[in-house]
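You will see two complexes here that share chain A, one where it goes with chain B and one where it goes with chain C.
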Partner chain A sequence: MRRQVPFIIATVAGVLMLVQFFVPAHGMVRMQTVFTLYTRIIGGFAMVLGVASLMQVSWVRVKRRADNWPFALTTILGFVVMFSVGVLGGFFIHDPTTGKLTWSAGIAPDKNPVFGWLFYNVYTTMDATIFSLLAFYMASAAYRAMRARDLTAGMLLGAAIIVMLGRAPLTAYFWDMWLVKPTDHQIASLGEITEWLLTYPNTAATRALMFGTGLAALAQGVRILVGLERPYMAGTGD
Partner chain B sequence: MSRSGVMCALIGVCITAAVALTCCASAAPLAAVESAPAVVSTESASAPTPESASATESAPATESAPPPGPTQPDFVEDPSLSPPGSLVTKDVPGDEGGALLLMWEPSPDDTAPPMPREREQRTDPALKWLPKQQRARELANIAAAEARSKCGYVVLRKTSAESEYAWHPSMVPTGNPDGSEQEDPDFAGPETLPGGTREFKDESFVFLVPPGEDSELVSDKPPTLEDLQKLRTRRAKNDPRYNTYDYEVRFTKDGRMSLPAAVQGVRPRGNLFNPWWANMAIVILLSGGLILGFIYTARSGRALYVRPIAGLQAVDDAVGRATEMGRPILFSAGFGGVGDLSTIAAMVVLGRIARVAAEHGTQIIVPCLDPLVMAALREVVREAYMTAGRPEDYREDRIYFLTGAQFAYAAGVSGLIVRERVAACFYMGSFFAESLILAETGAMAGAIQIVGTDAYTQLPFFITACDYTLMCEEYYGASAYLSREPRLLGSLKGQDYSKLIIAVAMVASVILATVLSRMGAAGMAEFLQELFHYRAG
Partner chain C sequence: MQQPRKGFWYSALRIDRRYIFMLVFVSLTVPFLFPGMRVPVEVQNPARQVYDFVDGLNEGDGVLVAFEYSPSTAPELTPMATCVARQCLKKGVRVYALSSAPEGPPIAAEVFRRVAGDYGRTEGEDYVNLGYKPGGVQAIVLGLAQNVSSVFPTDYVGRAVADIPAMRHFKKLSDLKLCVALSASTVAETWMGLASARFGVPVATGVTGVMVANFYAYLDTGQLVGLLGGMKGAAEYERLIAENVDPERGYWFATRGMASQSASHVLIVLFVLFGNLAMIMSGRGQRRRRR
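The block that comes next holds the complex of A and B.
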């Protein structure tokens, strides 16, 4: 019974969702909305579980003075500060006429000045910093990728150089000036070559991957629906 | 396929029908709109009548009346202008029942060229490099647009229960204690269309949702029951389940409008099947049938060949390497939610990796981005340790929620890789811009890295920085490959044959469509194109 009930629930829900995709009637659309709502509600409760897990792991590290425990302490402090400012601070509004903080039934976080300041000046800044690092990682990855070890790697290198130069305004300008105009457009512009590479070979390869992924996802869905794979029961089948 | 699987599929179909019927019936009709007239088929739309025309006649707008009343027209009625003819309505197929198509013959006074069916790509004809033909076409387009702007049509709608068409929204209370009013936000006003228009798709219908879901806070005080009732009564006018509608279309020119062409008692209908997605339904049925067929065939024990996948063969080696080095392994399930197929596939692969790690006595670290995924992965790893006979080695604190933010997660995992000096990294699931940050950090730390993802846009980064990459369908096939369970391998065979059939159909259709269009059979060629056409929404 412990194995059959979750299986029946999963199969019934799966079939329902599959059918509703093709049935646009109002009842089916409502059903999908309601199911999505349930998922969001469960997700909200799960967030409490997640935060509790993170705090527990961090607290144990601090308590035991494990390696790199100051990082764990920073996590706890960050959580406490943002939580306090976001939740408790949300109940006070700065009244500009009296210059005092007044109690309110709760305001949106974006109207909470302290929370907003911390979010935009601390979190967003650090987030952008990590994102910016991507440029350096790209440079190092490109250096490793662009080595013509064999024919296919050489083709990759050639295509990459063309696209890079085609996207750079200066090289595209000189290509046009030295090659395209003197030959009266007998030679394609660098931009056109770049577009051709991106539109045809690149799109064809991408679609082939998407095509395979779609069918593989369908096969995975069938395996789950008929119970050959039961990851929701932390197992892989019978 | 197991017998219980078939049973459950059948139960699923039955419950689908039951839930659909329940949901259709569950939207409680309001007392205010319960007396809606009986259903009138859209095909029964009547021709314009003198009564309907005279009913809408009213005094012309004057400048001395600042706030126009709801029934005060924006144009002066001029019987000398010819009205549009043959107004008919048609239900839009394959929708929830929230759209109705109106089509009419143009007024004889409408000299504007017909509206193009598709949006035109406009280019400035003043550009010097523009070819002559294109410049002429652009100039003609501009002239046509100017002609269309000089006249037009106005489409009005009312419920059959209402006596007059409303041109302007009524004033309704804002809900504030000061008794202030605002224009009705749910008013579906007259639609003004340019000349040359022959049809209009009315999509302004709104379905009422159960009480409570549509509540909105309009003031500091919570709305009273009476406020909510008024709001729902107002909104019910736009719900096609409780009303039929009358339409009138008038031709307008220079501030004047013709007599109307009208239809009465029509409404859109919800459809039980979306015909635009019939091709997808056929592919799913065909492929699903093939996959089920091969799963059933595989039960006979016939050996099935699956090509070696280097990334999956290397899983055991990677865990073994970590064991020899005495370092932990890291597993990331990506950015998908617990319901995403890529995350489900990650769970299956994690089960295998965790079992091998448990057998070797190697620690596994699983930082998660989603609390629900964390809960599921904990169960997967716990079961793997139990299966390996090492439940005492399972450490729940190694599978934890790290953060829900993308780059914070990338920073956290990168820090983990460096600090914990992990020997092997497994990235399985959906990844986005952070993929290269994770993969490059792992490569710099000297970890052996195996990736499985369906995010094809990130594949170049992973291929560059990682040792093994399972691309898209290889990733989804990982569970079958790792388990070697015949029925799972059978599903891979079914999937491959589906792919073959669809690929052959696509190539054959392309060739056939090309040949047919060359031979002048454009209709057949278009039909073949439609076979593979996907319409979003």
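The block that comes next holds the complex of A and C.
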């Protein structure tokens, strides 16, 4: 039963959702509405579970003074502060039109100034900073790894250089000034060359990849529906 | 006895990456010391298609903007959202914002706060921030196709959707004239695959620069009515807004960032060329020493 019940649930739900896509009868649409409502509810509970799990793991690391435990403590403090400010702030905000308490407005930065300050000046800046580090590592990787060791690598490198320079307005401007205008537009602008590369060779290759991944996803879906693969049983030992 | 390797090109292949980091830092920050510097941006067709589509809308039409990104990609995507909101609100087109990412609604609130007052637009009448809903974008879009209030019974600040005047014109997805999905992930494909392919609502998308190559295939088939690619795409849209909609406020963050982007792209290309030259020259040096 432990293996059959999840399989039956997964297969029946999957087949029903597949059928309702092609059969727009009122009952099927109603069923889809209910299923998507269940999905949103489960998503909300999944978020609660995720946060609880993160807090538990972090607390254990702090209690045991494991490696890098100050970072785990920072995680807990950050969560507690943002949660408290967002939830408690809502108990002091009233809707100006109705006068009613709108506690969910606690997470609106323009309604809760403290939450807004923390969101824009702490969270947003930190998130953008971490992502910005990518630029430095990509530059270093480009210097060390992008080598034209053979013809195909050289073609890839050439296309990459053209697209990179084409997406930089300054180089496109100088290209136009020194090559396009003096030759009376006999030479295409760098932007046009970039667009051609992206629209034709890139699109052809992307479409081929999409067909491949689409067919693979279709095959994977069929395997899950018939029970050959059971990702919902992961971690159960079955 | 084997001769020890040495030489400029051998050292160049093994340069400390901190020097590379420093040069990238200089290329990115120096242009910002000259705030008046504006690099001319050539507008390409994908961005122009977005502008033209919004320009063809009428007063009272509805546009949905999905803020499916976090602050890490806000420098690329928020200028796009600002341009869409500016062009729509200037024309009197209603803008509805929502998100399947928790950080989306505050970003949307900031965009509206920055733009709406310039044209005398009010929240609830001309624009609505519906907020965030968990469960994945697929469940959200499928729910919106049936009934908006079943997915978003209240807006971002807890006001009942039934009490919001602008929501009288947006009961389900097909009431909209355009969906603009701003995303740094495959969520934009989901919006296109469901809202456009299944429910017939035109979709335009704005994505980060690294993802834009994936979406040209959809542009070619008409599955997307327009595409904004990275900060360059946002700068192109800002130029169109500045030239045709609002000359005083059109140019903003994306245009300012083009100088830094140009400098860093040129620097990376020089790195690549220099690295290949070093590889060739160090290979010649080794062959000479073996002879």
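Observations
Everything that follows uses one rule, which is that the second predicted complex is superposed on the first by the 189 of 238 C-alpha atoms of A that agree within 3 Å, B and C clash if a C-alpha of one lies under 4 Å from a C-alpha of the other, contacts with A are read in each partner's own complex, and residues count from 1 in each chain.
The criterion applied here is as follows: a contact is a pair of C-beta atoms (placed from the backbone, for glycine too) under 8 Å apart; a residue touches a chain by one contact, two chains touch by 3 or more.
Quick caveat: nothing in here was measured; it's all calculated off a predicted structure.
Shared-chain residue A:144: touches chain B and chain C both. In the superposed pair of complexes, A:87 makes contact with neither chain B nor chain C. Within the superposed three-chain model, A:195 lies in touch with chain C and out of touch with chain B [touch as defined at top]. By the touch criterion defined above, A:57 reaches chain B but does not reach chain C.
By the document's definition of touching, both partners, chain B and chain C, reach A:42. By the touch criterion stated above, A:130 is placed in contact with chain B and with chain C alike. Once the two complexes are laid over each other on the shared chain, residue contacts for A:66 go to neither chain B nor chain C.
Of the two partner chains placed by superposition, A:77 touches none, neither chain B nor chain C.
Of the two partner chains, chain B is the only one that A:212 touches; chain C does not reach it. In the superposition on chain A, the residues of chain A contacted by chain B and by chain C overlap at 29, 39, 42-43, 46-47, 105, 123, 127, 130-131, 138, 140, 142, 144, 206, 210.
Only residues 15, 17, 20-21, 23-25, 28, 39-42, 44-46, 70-75, 103, 105-106, 109-110, 113, 133-136, 138-140, 142-143, 146-147, 150-151, 154, 156-159, 163, 209, 212-214, 216-217, 219-220, 230, 232, 235, 258-259, 261-269, 271-276, 279 of chain C touch chain A when the two sit together in their complex. In the complex of the two chains, the chain A residues touching chain C come out as 29, 32-33, 36-37, 39-44, 46-47, 93, 95, 97-98, 102-105, 107-111, 116, 119-120, 123-125, 127-128, 130-131, 135-136, 138-140, 142-144, 146-148, 157, 160-161, 164-165, 167-173, 176, 189, 191, 195, 198-199, 202-203, 206-207, 210. Contacts from chain B toward chain A in the complex involve residues 1-2, 4-6, 8-9, 11-13, 15-16, 19-27, 94-97, 207, 209, 220, 241, 270-274, 277, 280-281, 284, 287-288, 291-292, 295, 337, 339, 341, 344-345, 347-348, 351-352, 368, 370-372, 374-376, 379-380, 382-383, 397, 400-405, 407-408, 410-411, 415, 419, 433, 436-437, 439-440, 454, 456, 459-461, 463-465, 471-473, 475-477, 479-480, 483, 485, 487-488, 491-492, 494-495, 498-499, 502-503. Chain A contributes residues 4, 7-8, 11-12, 14-16, 18-31, 34, 39, 42-43, 46-51, 53-54, 56-57, 60, 67-68, 71, 105, 123, 126-127, 130-131, 133-134, 137-138, 140-142, 144-145, 206, 209-213, 215-229, 231-232, 234-238 to its touches with chain B in the complex.
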